[in-house]
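Just so it is clear, A, B and C label the chains in written order, and each chain counts residues from 1 on its own.
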Amino acid sequence: MTAHLPRGNGKPRVGIFGLTGCAGDQLQILNCEDQLLRLADAVAIVDWEMTTSDNDRNCRLDIAFVEGVVATVHDLERLKKIRARTSFLVAIGTCAVWGGLPAMRNLIPRDLLDRERDAATARFLDTAEALPATHFVPFDLELPGCPIEREEFLTTVNSLLFGTVPELPAIPVCLECKTAENGCRVIHHQEVCCGAMTRGGCGARCPSHGVACAGCRGPVEEPNYDANITMFAGRGISWVEISARMKHFSAPAWMRVGLEGVKGHES
Amino acid sequence: MQTLRMKPDLMAEFLEALAAWGRVWAPVEREDGLFSLAVIDGDVTRARPDALRTAVPFKKLLLKPRFTMLQSAAGGTPVESADNDAGAQVLFGAHACDIHALKILDLLFLADYPDPYYRRNRERLVVVGYGCWPDDRCFCDSLNTSTADDGFDLFLTPIEDGIQVVVGSSVGDDIVRANRHLFEPATRRDARHYLERLSTRKEAFKLKLDVTALPFVLELKKDDPVWDELGRKCLCCGSCSMVCPTCSCFNVADEVTADSGAARVRTWDSCLFRDYATVAGGHSFRGDRGDRVRNRYYHKQEAFVREFGMPSCVGCGRCIDNCPTGIHVVEVFQHVRGTG
Amino acid sequence: MNLGLPPMHRPRSLERELATGANPYLPARARVMRIQELVADARLFELRFSDPELARSFTWRPGQFVELSVVGVGEGPFSLPSSPTRSGVVQLAIRRAGVLTNFLFDHLREGDEVGLRGPLGHGFPVERFVDQDVLLVAGGLGMVPVRGLLQYLIDLREHFGRVILLYGSRSPEQVLFRDELETYGRRRDAEILLTVDSTNGRPWEGRVGVVTELVDDIELDVARTVAAACGPPVLYRFLLKRLAALGFGKNRIYLSLERRMECGVGKCGHCAVGYTFTCLHGPVFSYWDAINLPELIDQ
């Protein structure tokens, strides 16, 4: 069940926030260039630290976009406050949805990390295990991607302003890759390509440029990890290589999530 | 039906002449050994009708992988979109299996409530076939689709020192009459060469699918462990559906465009995806991967046979070419039958 | 006998057009005349085609459905809950269940326009019900198509024998069309037996228990009775066994089935079981047809 979306009662108040992450998804929003003016006209962006220091940090929000992982105690406090402030909460980017690159550090034992960090300069770090924002509070919509797709973001905003939520693609990257008639990175190039496990919507951008899919948009509804791994190994690719490639974007975290944790589009 | 001959060195001129009937699509090599249907205006020498398989078959000329079906301005009435309308097109280099697949798509899209998007492109499609030579993944001969008697406008077959041209429709006749200088009457020698080619070609098929009573075999083998095995092996990536010339399932999704306009968009889909049969409320009628794999084979080789008396697989071998985990349709059926 | 219904076509045969237009995917405009709360999270929408000629001529068979759409939001199949004998207005009983229905509940107001396509699918073969007793069984939201059939049978009462409705809901406040059904019962238009899984502490004079148990409470002349049912898979699981045990022929039991329907005209493939398209060949199937399409009902 989605939250009630406002429709036609003045400009919706929007906040855009970044937790721990590279701010790449917020940058994508800024990259919308010619559409930005239209957006700024359709909504009131009242809280966006990345673009202005003049923010209303406490007002009610109609829509909030959150990027990044929760990697510190402070992140979690901020996230909870945003959830409490907003009617509709959208996760933007794979960090917020799945954990993404920051969550890769969870594979390293924490005591090792503690030993390695420079105690003198890093004392202020209240770090915790890096987990996706969606792990902590309920989100109304999740836009995956590293970074998010501009078109998908714009369509989403259009839909929200219309009073509904968009149908996000649930198909694997392979579908878009086949219709683009690319040579298969697995079949023709013997590479570890995560396309069959990964949610499409990117237009198979990487394989279309001759690069195997790294899995940035997170898992499809029912990824067949075993068969993928068997397939790579069967093509003579080393287990070290398979493991390294599949760890990108925290694929091990996907596997832990398993079937029931993966949310599909409600129709 | 009329049979003519053409000299091989006139092929380029013939291809240029085809442009008068629409944009000419032909197989071209886009990566080493990888072919794709592309518009060849400008450089007809790129055409490679001898190429066995294009990655995606001709179906993309009729229904684009993604197109807008309906659109509306803000608050306006939805109207039909012309996004999929391709105008007049010539498909050059269709093989017999493609032509049979086209006839199968016609059965679906032109019956009951005809699909207007398909129909508009179909009515303006000129089909020029080309005789191919099988490799170890072709099994059309087992499915009676290795030759075509109709369903094309012209059909070209390379024979000794010439090309045999069969005129299969009034449009094909128009093309011939407009380019009389390219053609000459077929000779008895040509006919002999053609028949020789036909029988040597029949011998050349290495891959064979035994379709004897296959629907009954499948009916009896619904619970065969092979389907679970395949379910464990299949990635459900949908590649086989995308490249299959008779797979035509689609998904429909709505989009809000800038300034509150709206569009209803249609994209290719595959029955192998989990949410394909999921209803509102979340229940999936084919939640198990093995069930979905089985469904795909049954749809082609059992259900379609019961409905139309023939399978909806034409033996083109594209799914064999494109399965990353090496699922081989012929081996699957051999296994089910207990002979593989 | 002419019962005033549109014909049933054998699929994959005749080329034809929907009443709403030659492009089967393009909805015709319809205006929302009235929205009425049925039970919590279910509403009755009354629509009228904006084209007066279409509004006048639009008819359907009980058991058929339409696709309702708001372009930009989505489209979904909805059974027609009323009888073609009461045409002019198209009623839809809709439960809040997803993106489209959320939009309908949150934003649609009386006077707004939506799109409708149809009528779609095969309805109940009511010609075969003539001079027969008719046993209707509904579970939960399955009451929606069954109500259309019930109204039809009552409106043409003299053509049919006994009309019996067995209807099970989760709890008293979930009973759809309760006043209307109780009126039919009082007027003896039909024998109405309602049951709930639990009373939830509410006053309730009907039975408590699952709907299939009601079959044992009535005397049936099986030889002259046809059955029509709609409900969740669990209802079919018990009901079909029970009716078969009573001696019902499998071709005298009709089921209205739910699948993922998208295009509604047998093209997109989503609702296909083998080469049977639930939208085009169904959604009403005889038990015999359903049992021979193994995936069609959960056995």
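As a convention for this text, a contact is a pair of C-beta atoms (placed from the backbone, for glycine too) under 8 Å apart; a residue touches a chain by one contact, two chains touch by 3 or more.
Remember, it's a predicted structure, so these values are computed and weren't measured experimentally.
Colleague: Taking chains as nodes and touches as edges, what kind of graph is this: line, ring, star, complete or other?
Modeller: If you draw each chain as a dot and join those that touch, every dot ends up joined to every other.
Colleague: Of the chains present, which has its C-alpha mean closest to the combined C-alpha mean?
Modeller: B
Colleague: Tally the contacting C-beta pairs at the B-C interface and at the A-C interface, and name the larger one.
Modeller: B-C
Colleague: Between chain A and chain B, what is the gap in Å from one C-alpha centre to the other?
Modeller: Roughly 37 Å, centre to centre.
Colleague: I'd like the Å distance between the centres of chain A and chain C, where a centre is the mean of that chain's Cα atoms.
Modeller: For chain A versus chain C, the centre distance works out to 42 Å.
Colleague: In chain B, what residues contact two or more other chains?
Modeller: Answer for chain B, listing residues that touch two or more other chains: 251, 253-256, 260, 262, 269, 278, 280.
Colleague: Out of chain A, which residues touch more than one other chain, so two or more?
Modeller: Expected reply: 159, 162, 164, 167, 265-267.
Colleague: Indicate the residues of chain C shared as contacts by at least two other chains.
Modeller: Within chain C, residues 72-74, 76, 98 contact more than one other chain.
Colleague: Which part of chain A faces chain C closely enough to touch in the complex?
Modeller: 1-2, 4-5, 7, 159, 162-165, 167, 265-267
Colleague: Looking at the complex, which residues from chain B come into contact with chain C?
Modeller: 69-72, 77-80, 107-116, 222, 248-256, 260-264, 269, 271, 276-281, 285-286, 291, 295, 298-299, 302-304, 306-308
Colleague: Could you list, by residue number, the parts of chain C that touch chain B in their complex?
Modeller: Residues in contact with chain B: 9, 11-18, 22-27, 29, 69-76, 97-98, 101, 113, 115, 258-260, 262-263, 265-272, 274-276, 280, 294-295.
Colleague: Which of the residues in chain B come into contact with chain A in the complex?
Modeller: So the residues of chain B touching chain A come out as 30-31, 34, 36, 54-56, 60, 65-66, 232-239, 242-243, 251, 253-260, 262, 267-270, 273-275, 278, 280, 282, 289, 321-322, 324-326.
Colleague: Residue numbers of chain C touching chain A in their complex, please.
Modeller: 72-74, 76, 96, 98-100, 102-103, 106-107
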